[in-house]
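Read through the structure below, which is laid out as structure tokens, and then see the notes.
Chain IDs A, B, C and D follow the sequence of writing; residue 1 opens each chain.
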Amino acid sequence: MLTKYIFVPAAAAFAAYILNKKNKKAGATITALVSAYLLLSLALIYGSWELNQSFNLSLMGYQLEFLMALTPLSWLFAVLTSAISLLIAVFSIDSQADFKFSSVFNLNFLLVIGSIMGVLFARDFLTLFIFWELMTWTSFYLISSGKKKMAGRAAYRYLILSAAAAYSFLMAVIFIFQQTGSFAFEPAAEFLLNNSAPQSILLLLAISLPFWVKAGIFPLHVWVKDAHGNAPKEFSPFLSGMLLKVGFYGLIVVFHQLSFFKIIENTIAYRGLPLLSYLFALLGAVTIITGTILAIRQEDMKKLIAYSSISQMGYIIIGIAIATPLGFSGSMLHLMNHLIFKSTIFLALAAVIYRTGTTKMYEVGGLIFRMPLTFAAYLTAIIALAGIPPTNGFISKWVIYQALIEKGYLFLALAAFFGSIASFMYVFKPLSTVFLGQLKPQHQEIKEVPLLMKIPMLILIGVIVLFGVFPGIQMNIISQISGDLGIETVNYSLYSIQGAFGAWNSLYIFNVFAAGFVIALLVFGLAKKSKLVGLLDTYSSGEYVTDAESYHYAYQYYRPFDRLFDNLAAKSLTGFYETLTANLLKSGESFRRIFAAGRVQNYALYSVLLFVILAAVGWII
Amino acid sequence: MVNLTLIIALPLLMAFTMPIFKMLNSKLPKFIALLTTAFNLIVLSSNFTEIMAAPLILELGGWQAPFAINLYVGPLALVAAFLINGSAFILSIYNLSQDYQFDDKFYLLFLMITAGASGMVMTGDLFNLFVFIEITSIAAYSLTTFAGGSSYEASFKYLIIGGVGSVFLLLGIGFTYSAVGSLNLAEIAASAGLINPLLLQITALLFLIGIGIEAELFPLNFWVPDIYTEAPTAVSGIMSGAVSAAGIYALARIFFTLFPAQQFFNYLLVIGVITLIMGELIAYQQENIKRMLAYSSLAQMGLIVTVISLGTEAAVKAGLFQLINHSILKVLLFISAGVLISAAGSKKIKDLAGLGTKKPTAAFGFTIAAMGILGVPFLNGFISKFMIISSSLNADQFLITFLILAAALIEIAYYLKVVQKLYFEDLEIEVKNTAVITVPVILLTLLIIGLGVYPQLIAEPLEKAAAEILNNSRYIMTVLGGI
Amino acid sequence: MIDLIYKIGHFLLITVFATALGLLFMGIARKIIARIQKRYGPPVYQPYLDVLKLFGKDAITHGFIFDFGAVMALGGVIATLFFIPLGSWQLYSMEGTVLLVIYLLAVASLGMAMGTVGSGNPQASIGISRALTQMLGYELPFLVILFSLIFRYQTSSIWGLMQAQAGSFLNWNLFAYPMMALVAFVVLIGMMGKKPFDAMIAPSEIGSGPVVESGGKYLGMLLLQKSITIIIELALYVNLFLGGADNIFSFSFKMLIVWILATMFGSLFPRFRIEDGVKFFWKWPLGIAILQALYIII
Amino acid sequence: MNNNFVKGSWQEILDWAQNKSINMLHYCTGCGAIELPPTMTSRYDMSRFGIGPAATPRQADLLLVTGYLSTKTLRRLIYTYEQMQAPKFVVGFGSCTINGGMYWDSYNTIKQLDKYLPVEMYIAGCMPRPEAILDGLLKLKKMINNGEADGYQRYQDNLEFYHQNQEAVLGEVQRTQ
């Protein structure tokens, strides 16, 4: 029964809403329990890929068929969703007091989970659309409920973009429905394959639009930064970790299950890649570069990580677009890994925000001595994000590089290299300014977060290392997905992956690392013991430092680098869109000025004029 | 089964005896209005199955059609009458708890407008249609002024435009009568083919303009924003929920039954789309919430006209569904907006910030209605949006579909602004005591969700209504019988 | 068991050798710079004395992250070292792909950055901010070069790339792709933080930047780390462009040649501002590297 | 004792290394600093003796006080000295550090450095020429090699004395933690 994955969270949502009114912790607890239940029951149905369900409904004269089925792809995404929501829910049990609308948060959160499940199991467009819309709306309320004023605007932008894309989806889908009489994927794919290629491509592009928006690919990434930056701190991990990924789920469905790649197979190609795919990959490359450059400039920790999410999405789309076995596996790996390490980062930052109440990096500092576990979580996650071995993040990037070099896509590789090297810069900024450096006097008394917040972070640290050593666990399900989608699979074992030009073997890496560290530790340990001094006792050209606040280098950390891109950053795409729409909408105002100026004699005149015009038109015809 | 004539007669009777009730007890008039509308709903329900089986024709005065004045209640009229009386009923509940005390005259006129609008949809006679339109408009002119202040100006504007509309309508009726020699709709429809094409065209255009004013079509609709903004909430609600529905009915009846020529449908299509786009664009700019809702109403009317004038069965069904949704949602929007306005003491959207927690019921009502309009799944607007797009694509109208969706996008933009203001911004304002609207909000929310989850509920009436409106020979046959 | 002991011995041997060689190279560099400046210069073995002295001195620490950073920096480079073929010595070099080595080097950088910033001295932070910015400058052309090489020889293992140049010395990439070798040489100078790319350690401006708070054994460990890093970077260059070598002696000799050239080159220039350095790297080296890469893939 | 013997000879090795590798922090308050560039550059090249500049007190072994000290600069000097890591040495440079030199009657100049910090040796002169500087530093090297340069131990042993003197002129002295 697949419907239970939708209805259990939905039913629990209302229960959580009601119970949360009585006890502030009830909602999050219920969310955690429901997610745990989903996770368990998903684990139980692993492998039964023939599971499906369908309803027939005659609605207003339309014969509709609602189809749901379990595929390896949807299973993976469902597991990721429930796992991450479990961690977030556990994390948020103690921070419910921070919420303005605690009950509504839990209500919406559970509804988002349920609707994502609906999206994932849907095998027809209508089901997909219904749950997609539901997901958009509920997440809209979640983003809006962020504490800051910008949250509203961000959510607003998010919803408008999503809605526009959703309408394009709806139009294309209903068009296909008119032709085939069914909303299901298979007939649609068949129809699109046999249809004229340009029309099919257009339809599929329209269908894929909501997924592009959700995945935050340039130039539709404008909602991501503000939405992530201003959403409630507990929701940001989910937003970045999971909601963006659902977009990729949709893209994979469009590309493979709706045979987009088959349709464009024989069009003009560049280095064996159809031009359209290459264009997608280039969009990914641009996404990486813009996301990275803008991330480096941010002073707000959540916005910084949001831009980093944008840039990491670029890697995933590149891999999916080039569609080689390595590219696809790399993308899927990166997708999972990004979910893991980005949630860790956001949770760690949420812990910081929970304790300090600010998201501005220059307002905090030196928290490592007060919140060591949070620091450890953040550190592990950024090592993974920057793609440093031996963590999971390196493996996925390595596979993507292999895929790019294999085919010789120079410019894509250049962007990938750029994003990866520059990611050191932006991940180091919060590390340096939030956790290291000088501890502010007002934060002297800060304590580590409560146990329930520590547990998710600890688990995530473990998962990062686990997948860093045993990527085979991930490759197992990925190879099933590739098999299901008809992509060749990559050779792998529990701890190694075969690339195009050499293999990755995490066991060796791990051994060597251990050896290196042991030697270094020996050197360190054998030397004289050192004396511990305070953070203010530093070389300051002889001047005695009393003021920790002004002795913390945090504001405009990479100013020299930023200077290089000042001109570029001043041209905001968001601003461009906003002026465009504002001008379009202003035309309404001029309409009103012309027609509805409040002169009743004019109104009377219009009726006569209309009569004359229509009569004239009738006459001419 | 109760005689349907009562639907018109009872409110009129009650309306004119209202001063007597007032003498008995000053609180009685509101209850009388409530009871009357409730009774009307019961009457309609009791006739439901029968009308679904076959249209009901009531001949007044014992004469037979085409000579008698007849009432024709088919499925379409039934749907429209349900909407009108339903809106009136909900608004009467709303009136019960109003803190402002209107006297008997308000309820008198309120019942009159209900009777007038019901009459418009039930009549089978062109002149009676005119009469009912006049009753409705005159009641509306006066009702508007109950808010005082600048509502007089609004009312005056409406009066003038309404006067112009009456002239056109009367002229059209005159031409028709001179050409056909009858005012019975069926009779006219039967002999419309005999009319001189030029005369027919002129006549049709006169009707288009005369009724277009009631149906709020561009560019005849600029009285609407003023009326909706300035009138008391209940009046805005009934204008938007009931009178405009009656206008659409009249428009559909005249153009589908009397002059079913593609040319007029094309006119209506163009006018409808322009109304839609303009309404949405202007609504987006508004800072006054009631004015925003007014322009949104215009746009919705445009949408409905557009879709209906596509002329396919699916399209008509979609349009009618949208009409139903529009009535439900707009009534809810107006009453919750009314509560929010009186709580904040201002009609400006920006002054409503933060009322979500202070006036939870009204804010919830507004939100759910807005989401309904925007087509969130499992709410009624989703179904009608689906049907609209499906039917317009089916009619190969890509441009129209695109414009409809673009307009829907603008609609999202401005409704969301309000919703966000309500919940996610804080403004320290003193909240005034306002009416309690729990009952109407619950009733309408149930309807919204009910229709969204199980639209099959009204599938039969819609199906029958669409079939009826598209087949004018059946109408003629039914009314005229063997003749 | 014997195998394990053999392996551990090998580990230690390589580490000690690389450290010793790196320190020697540093001494040679100081001597060369002195001679260029018409000075006598310190003895060649001066860096050994420095390290010995530093480990003998007292030291302060600013908390566990300061210690951890130093260990991570040294451990990171030692781990990286094992993946590099040094002449005939190759421990894990068959497994190591060149991309892996690049990223492994980042572990050390991250460790050093974290430890030094953990000291709370803003000058360290400024230095790290500059170092990371510059890294973005030079890594990009370097990675493009690696892209071309991997694509050209269809292998990404350093060993494989080295083998591909076997035969005549004309097969060396230095002669096969001289532009690429030149770019890599400039990148090498940037990587080793020699002038004109030494804004991140600018001693008189920001108090030697990252190492501002490191004294005693911390500075000693960073010196060791620096010496191993030099060896890794030189070995990478020799393997990629000079065809590697059969034995450790000729390998060391090749490294020495490259090192001397780099030192001489470095001592001629004043310092780039950070953004100018990045601009330079993105203009000339990156431009040439891209042209070369285009030539190879087309 | 065997253990002591090992310790002792290890200390000797360290002393030897220390004497071969001295990083100096020149505290350039007075005019004497102008004599250091010629000492470092090609004419005299002090680096051939393993003596070189250091950027920060953490990396330095030798504190070179190159000229007069006012009460204002003494405060910084003490702070810098305390930030240095043992073994550390102080060399007074020029006559100002010995007796105030030409500022002998100034109201706010420190006359005698070794009342405040444990000076290993003075290099006399106003100012001392590079030859004198080199000579002095070579003597210091010899002292270090012989284990005679034990200023940092004297400072620890007579902490009270130094602190008293420092506080007498400066009032409250900020110290490292």
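One rule holds for everything that comes next: a contact is a pair of C-beta atoms (placed from the backbone, for glycine too) under 8 Å apart; a residue touches a chain by one contact, two chains touch by 3 or more.
As the structure is a prediction and not an experimental result, all values here were calculated from the model.
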Minimum number of chain-to-chain contact steps, chain B to chain D: 2
By mean Cα position, the chain sitting nearest the middle: A
Distance between the centres, which are taken as Cα means, of chain D and chain A, whole angstrom: 59
Computed distance of Cα centres, chain C from chain B, in Å: 79
Centre-to-centre distance between chain C and chain A (centres being mean Cα positions), rounded to whole Å: 36
Approximate Å spacing (C-alpha centroids) for the pair chain A, chain B: 44
Shared-contact residues (touching 2 or more other chains) in chain C: 56-60, 207, 212-213, 216
Per-residue overlap in chain D, given as positions that touch at least 2 other chains: 56-58
For chain A, residues that touch 2 or more chains besides their own: 533-534, 536-537, 539, 541
Category of the chain touch graph - line, ring, star, complete, other: other
Pairs of chains satisfying the touch condition: A-B, A-C, A-D, C-D
Chain D to chain A touching residues, read off their complex: 27, 56-58, 75-77, 79-80, 83, 174, 176-177
Chain C to chain D touching residues, read off their complex: 30, 34, 37-43, 46, 49-50, 52-53, 56-60, 203-204, 207-208, 211-216, 219
Contacting residues of chain A [partner chain D, same complex]: 533-534, 536-537, 539, 541-544
List of chain A residues in touch with chain B within their complex: 58-62, 101, 129-131, 133-134, 137, 140, 144-145, 149, 151-152, 155-156, 159-160, 163-164, 167-168, 170-171, 174-175, 177-178, 585-589, 591-592, 595-596, 598, 600, 603-604, 606-611, 614-615, 617-618, 621
Residues of chain D that touch chain C when the two form their complex: 13-14, 17-18, 20-21, 41-42, 45, 47-50, 52-53, 55-59, 61, 84-87
